[in-house]
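First the structure, then my questions, so here it is.
Which chain is which? They are A, B, C, D, E and F, in the order written, and residues in each are numbered from 1.
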Amino acid sequence: MSTVSRAVDPESDPRVKAVFDDIRATRQTDFINNMWRYLAFDPDLLEQTWRDVKRIMATPSALDPLTKEMLYIAVSVANGCGYCVHSHTAAARAKGMSPEQHAELMSIVGLAARTNHLATALQVPVDPVFDQG
Amino acid sequence: MSTVSRAVDPESDPRVKAVFDDIRATRQTDFINNMWRYLAFDPDLLEQTWRDVKRIMATPSALDPLTKEMLYIAVSVANGCGYCVHSHTAAARAKGMSPEQHAELMSIVGLAARTNHLATALQVPVDPVFDQG
Amino acid sequence: MSTVSRAVDPESDPRVKAVFDDIRATRQTDFINNMWRYLAFDPDLLEQTWRDVKRIMATPSALDPLTKEMLYIAVSVANGCGYCVHSHTAAARAKGMSPEQHAELMSIVGLAARTNHLATALQVPVDPVFDQG
Amino acid sequence: MSTVSRAVDPESDPRVKAVFDDIRATRQTDFINNMWRYLAFDPDLLEQTWRDVKRIMATPSALDPLTKEMLYIAVSVANGCGYCVHSHTAAARAKGMSPEQHAELMSIVGLAARTNHLATALQVPVDPVFDQG
Amino acid sequence: MSTVSRAVDPESDPRVKAVFDDIRATRQTDFINNMWRYLAFDPDLLEQTWRDVKRIMATPSALDPLTKEMLYIAVSVANGCGYCVHSHTAAARAKGMSPEQHAELMSIVGLAARTNHLATALQVPVDPVFDQG
Amino acid sequence: MSTVSRAVDPESDPRVKAVFDDIRATRQTDFINNMWRYLAFDPDLLEQTWRDVKRIMATPSALDPLTKEMLYIAVSVANGCGYCVHSHTAAARAKGMSPEQHAELMSIVGLAARTNHLATALQVPVDPVFDQG
């Protein structure tokens, strides 16, 4: 069930092929997951999305790759995106997430959700000391 | 503006005082932020919330303390909790988050939000290879 | 800070006056809270919103008035609506919510948020026995 | 998988039949989508929901029908409602949404999600000039 | 489709068995729903989650059991957790929720969502009289 | 109250100045709203965010500028971002949104929120005819 058609032969479009080739090279795998196959209905959208995912997630930076994947999972859970939770949990495992780290990620996500809702329910005023602005 | 009253002298209740003392000892500071001062309207709720925050966030574990704070921020942003974003950003800074790491956290949170919405908008089916179940 | 202007004399519009009069009569108070004063920028929107609030919240029904207000708070917290949390917490108090009931509502809202996030994070499949469909 | 039963013969209830007939007449099709078939478990809920959908979505107004459907999709994506994304994407297509417009809608939804999260993460104060209140 | 494996024989772990036995005893049924079977991948997470669910939901308190389940449903809907909506709707029925109460719960959840979005869209300022703080 | 400092003289950084100059030229105004002033704490984040906002929102495309702003508002409301609701409501007005169109936007946002929650509460299965996939 999806809202756009998955193309039969997406790589017949050279722009789509270029993105898929770059995904394969960057990730060093032949596997192209559905997100990219469905985004291929619009080459602009595909190119822009992959460009940013590659820049932010696949480029050495101030945070290590596993931390980045776990942050991605955390946001995806809170936004209720099942596809994203699945794909980034797989990616985090591929980058070394242990069952203990996974369970702890779950604990933090659940704890944060609980205190998020408590703070909203009580409408706790922000302590002046937290202001940077 | 809040939905419960902040007690004038919350530590006159020995259960509240015990939690506040433990917060001070655990965090090695005299500062008690508003979240705890407002939760003090109900000692049960205060005790249970602090017990879990302490266990999950202040106990050595499979994830380092800064990673845990950044995960907390990520969930809090996605849940739209302003108070939580403020308090955990301050906590992450206290645990060493650099401006570069903070900016990168922002990039990932924003990127995840974008692809979360795209995956939901397209209703992308989960790739069978991602299933662990 | 709001995105529409609060009218200087909203009741100069007879449709607005009729709604405000019905709010006063239904609630037996002269107080008109800001939600209605801002919705008054469009009499249609005001009339339709009040009609539904009155029908659902102020008409005797299968659920008692306090339960209905607490359900309203629960949804408002999860949707992150500060105004709504404030106004319906006040309404629940006016309908007899005790501090113990309020604290328990907080516990349930926080617990549900936590297990909501856990179920989403684990992508737990729905047990067939739960299907009514 | 659903939480209420889909009635075997919902139109044996004259109130349900009247709503279904009006849906068919308004939309000029015999197809009744599942949303209405499941809401039929409670004729009141069915009547009220259809009355508002018809009034807002199927009545000539200040916004054209396709714009209204795209707004509906945008809210549904942000609220994470898969059913709604599916049904309103189909409706938008039926009202003439082109693949280019669909792709652009996706871009805007994704961009808004990203800046929404950034503004929340930074807790940017509202510029005084934006206040209408 | 899930992100962790459901254990083949979870009760071979004595900590998991103890929790499952307590769930059976507390609920007076042999049925263990999937949430617990998947949480069993980490006995700590399982124990902590059940401990809080039992304390809050299965202990006599200021709110009656059916009201608590309906509050749980309300939060779960607003958080978009399909699994949770299913399991707690089943639990509410088991605790006596009538079709009329269910329909009314739907009405309130839908109404609250609508006014939540309106208040956010208008950015209605909180009336000073609502402040408890 | 914000989580990063607003720079005293952000345009002393030439990359920030270049973005601000482009914002002024694109929008034909000297006004730089707070979102950009706070994003300026990290020139990379500022450049990337503005580049995408300019490309998607300020470039002639398949959707007209006012429709794009209203879609932005719709997503921002559903994501609960007060800052974004304020800034894009102002932008929509600047692009000609009439009070009638604004009120209608509110109606649709509220209606969608209501049916989103109903569809989630009932867990309505997607009609096969809606599937494009």
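General remarks:
The working rule: contacts are C-beta pairs under 8 Å (C-beta built on N, C-alpha and C of every residue); 3 or more make two chains touch, one makes a residue touch a chain.
The structure displayed is predicted, hence computed values, not measured ones.
Looking at subunit B and subunit C, the chains in contact with each of them are A, D, E, F. Over half of the residue numbers at the subunit B-subunit E interface are used by both copies of the sequence.
The interface at A-C recurs elsewhere; of B-D, B-C or D-F, the pair that shares more than half of its residue-numbered contact pairs is B-D. One finds 34 Å separating the Cα centroids of subunit E and subunit F. In this assembly, the C-alpha centroid of subunit A lies 21 Å from the C-alpha centroid of subunit F.
Per-chain CA centroids place subunit A at a distance of 27 Å from subunit D. Residue positions 1-4, 38, 45, 48-49, 52, 75, 77-82, 85-86, 89, 100, 105-107, 109-118, 120-123, 125-126, 130-133 of subunit F each touch two or more of the other chains.
The touch graph of the protein chains shown is complete. Of all residues in subunit A, only 80, 82, 85-86, 89, 99-100, 102-103, 106-107, 110, 117, 123, 125 touch subunit E in the complex they form.
Those residues of subunit A whose C-beta lies close enough to touch subunit D in the complex are 1, 3-4, 41-42, 44-45, 48-49, 75, 79-81, 133. Those residues of subunit C whose C-beta lies close enough to touch subunit E in the complex are 1-4, 31, 33-35, 38-39, 45, 49, 52-53, 56-57, 61-63, 67-68, 70-72, 74-84, 86-87, 89-90, 98, 100-101, 103-105, 107-109, 111-127, 129-131. Residues 1-6, 38, 48, 52, 126, 130-133 of subunit B are the ones that touch subunit E when the two sit in their complex. Of all the residues in subunit A, the ones that touch subunit C in their complex are 73, 77-78, 80, 82, 85-86, 105-106, 109-118, 120-123.
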